[in-house]
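Labels run A, B and C following the written order; every chain starts at residue 1.
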Amino acid sequence: MSDVSADTVASALEALRAQVPLVQSLTNIVSANFLTNVLLAAGASNAHIDNVHEAAGFAAIAGGVLVNLGTPDDATAAAFRVAAEAAQSAGTPWVLDPVGVGGLPWRSEIAVDLLQFHPTAIRGNASEIIALAGLGGDTRGVDSASDSIDAVPAALALLKYTDAVSASGPVDYVVGRDRDGVVVGVKISGGSALLPRVTSTGCSLGGLVAAYLAVAQTPLEGLVAAHTHVAVASEIAEANSTGPGSFAVAYLDALYAVDADTVRARARVESFELPAGVQN
Amino acid sequence: MSDVSADTVASALEALRAQVPLVQSLTNIVSANFLTNVLLAAGASNAHIDNVHEAAGFAAIAGGVLVNLGTPDDATAAAFRVAAEAAQSAGTPWVLDPVGVGGLPWRSEIAVDLLQFHPTAIRGNASEIIALAGLGGDTRGVDSASDSIDAVPAALALLKYTDAVSASGPVDYVVGRDRDGVVVGVKISGGSALLPRVTSTGCSLGGLVAAYLAVAQTPLEGLVAAHTHVAVASEIAEANSTGPGSFAVAYLDALYAVDADTVRARARVESFELPAGVQN
Amino acid sequence: MSDVSADTVASALEALRAQVPLVQSLTNIVSANFLTNVLLAAGASNAHIDNVHEAAGFAAIAGGVLVNLGTPDDATAAAFRVAAEAAQSAGTPWVLDPVGVGGLPWRSEIAVDLLQFHPTAIRGNASEIIALAGLGGDTRGVDSASDSIDAVPAALALLKYTDAVSASGPVDYVVGRDRDGVVVGVKISGGSALLPRVTSTGCSLGGLVAAYLAVAQTPLEGLVAAHTHVAVASEIAEANSTGPGSFAVAYLDALYAVDADTVRARARVESFELPAGVQN
């Protein structure tokens, strides 16, 4: 039984609003604007520092760092590396979002290389989590399909490189260690069918994870809090929208409006049983 | 008399919704987010893969590729070339959007170079189409002005490099071969005076062309379908907006809401007579 | 007593709408889309030309140029330099927006280097203006804090490199020479508490400054006009929004709707007394 719950999410949200953590994003050109708006609406701030000259220095002072592999080129790939290394060295929590890993060989190598700097959390969709676990040399789950629950074995396998892993889908599955050091599984329901019709909702969730890692008690709690904030806000947004354009607008309004009471009333955060054989 | 009509547009739209084609975009940093939202709202999907390491491999598996010259630099220009070459080689339909060609010499050379890979369709505004035809060595139309009908001779001249060409304006003019191989002209009326007040409406139309090329019977029908989907959606959006901000939101909602019946009821797709002397 | 007033702002707005100046933006990837939408909504146009091959040639023909240091890399930094040099050489007004200067050493060097090309105006938040003045070799104001009025001594110090300087905040402070060549101070009240919750509102203001410099009687009047257009529009937007998402939409609608009468009725533009010792 996990001790992660709507209450720990509500506490993390209150800490976010009180501390306004500064995220450093190294993200793709599709999501850069929306991700920053998501962070500002949710209650954090963001600086997009992705050049190799400044990325390391800033990672040492940021509250959290996001490395998103959405549109890498040689210049930003070099910045990813120095930012991840500096974050690890300075003790800044950082998030790896392995966009497109698996199908695209060049960025898959980048992702594997970055694992050495021990991301605090990894967030992806099911196929990315499965692919990344396979690339890391562990083939558990690599042959499984695309439902987010199918990514749980791969997510567990990735815990050798990171503290917490999530696989996004209609239901989000998160694994990591609770406050007692026990590996647990947490699932978050909610969201909206319009989320996949708006680009960068996943990438911006990665940014929000970086913000929550800066304020939460544990990486697992930060990762769960970010997913839950998004799930609750997107449910509210769907009720206030008539299509993907108005949904995106309502989503930013809802991220801003959601508070600890909203979370306690609406969050659907539950433990789920891990597959047999998981080492604690 | 062209066999392209509201009915062929409605069929293409149904095919788009059924097949959800995956577009690969190589587009400018201004339009990357909006273009992806347009594709998701309309019913396609998009991956922005514009680095030289991955652009060719992905072009071989994408449903359609967009090469947009809006904000080229040395790195993306190299990716444009390998993506276009790979698309041609793999038989993936690809679209050239020659943003800014004519006035800007460096990208004009890039555009001319890309013509060798036979874009499936070329989409631009009137002055870009006229300029590109002139750069290609054919000066017909180069000295004409900026109304989209003035670009028809240039569009016809470009058919030596491509299968279908459109010139956007208050009325859109499209030329290409019909199912019998006869060169025909099709014009699409509609749209909104607010379209030019929202950035990336033209660039995202280019992305939508790439999506429709993946599902339509002929390049001409795909090009006409994309223009018509946009024209109908923007008319609906204008009726639901009070300025360019709310128009952009309503436009995404309308792209999502428009279905085959809406197209049959509202599309204004007509043949127009080509200038004398066009070779069939 | 300054001769800059709501009337000069209204005149500048009428000139903007009549002339539709073409801005060249070299801006960061977070703001590129929103900045262009702000310019189109306000009544200008924009071309984002930031590669080193085309940046100088375009700066010679643009109405105004924006150089924004938000997300520089080696390629765009080279383009900044040739654009600024070409703008100065051609007499095109240009704006420097020193995003992040002070805390980030690499871009701070870029900013100092650009000062040699005499930006027509400099726009930043208080800490950036203070930092830039310090980097320029003049330490007046460098040790002061973050309220925008605290940046006035630094803004005055920067007048050795530029014609007009603004420091954004809840109240905006602007300094520069009036039509008689006298250094004056102008403050603009208004705005909205939601402005800092939407990314790129500051960066897009920089773009709007470039547009107004192309049409205003003096750099000071152009800088004040841009700030005032934004302040009035954001007040209207706040009244039409329920959070940062709907605020951003209403803000674009309001930039479009505001006309000279709105400005005369709502603008809060006042002189303020400069610190003792300012040389005229």
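Throughout what follows, a residue touches a chain if its C-beta (ideal position, glycine included) is under 8 Å from a C-beta of that chain, and two chains touch if they have at least 3 such contacts.
The structure presented is a predicted model; accordingly, all values stated were derived computationally and were not measured.
In the contact between subunit A and subunit C, the residue numbers used by both copies make up under half of all numbers at that interface.
The two copies, subunit A and subunit B, are related by a rotation of 120°, based on C-alpha atoms and rounded to the nearest 5. Rounded to whole angstrom, the centroid-to-centroid distance between subunit A and subunit C, based on C-alpha atoms, equals 35 Å. In subunit A, 29, 32-33, 75, 248-249 are the positions where the chain touches two or more neighbouring chains simultaneously. Across the complex, subunit C meets subunit B through its residues 29, 32-33, 36-37, 40-41, 46-54, 57-58, 75-76, 248-254, 256-257. Here subunit C touches subunit A in the complex through residues 28-34, 70-75, 100, 104-107, 196-200, 241-246, 248-249, going by the rule given at the top.
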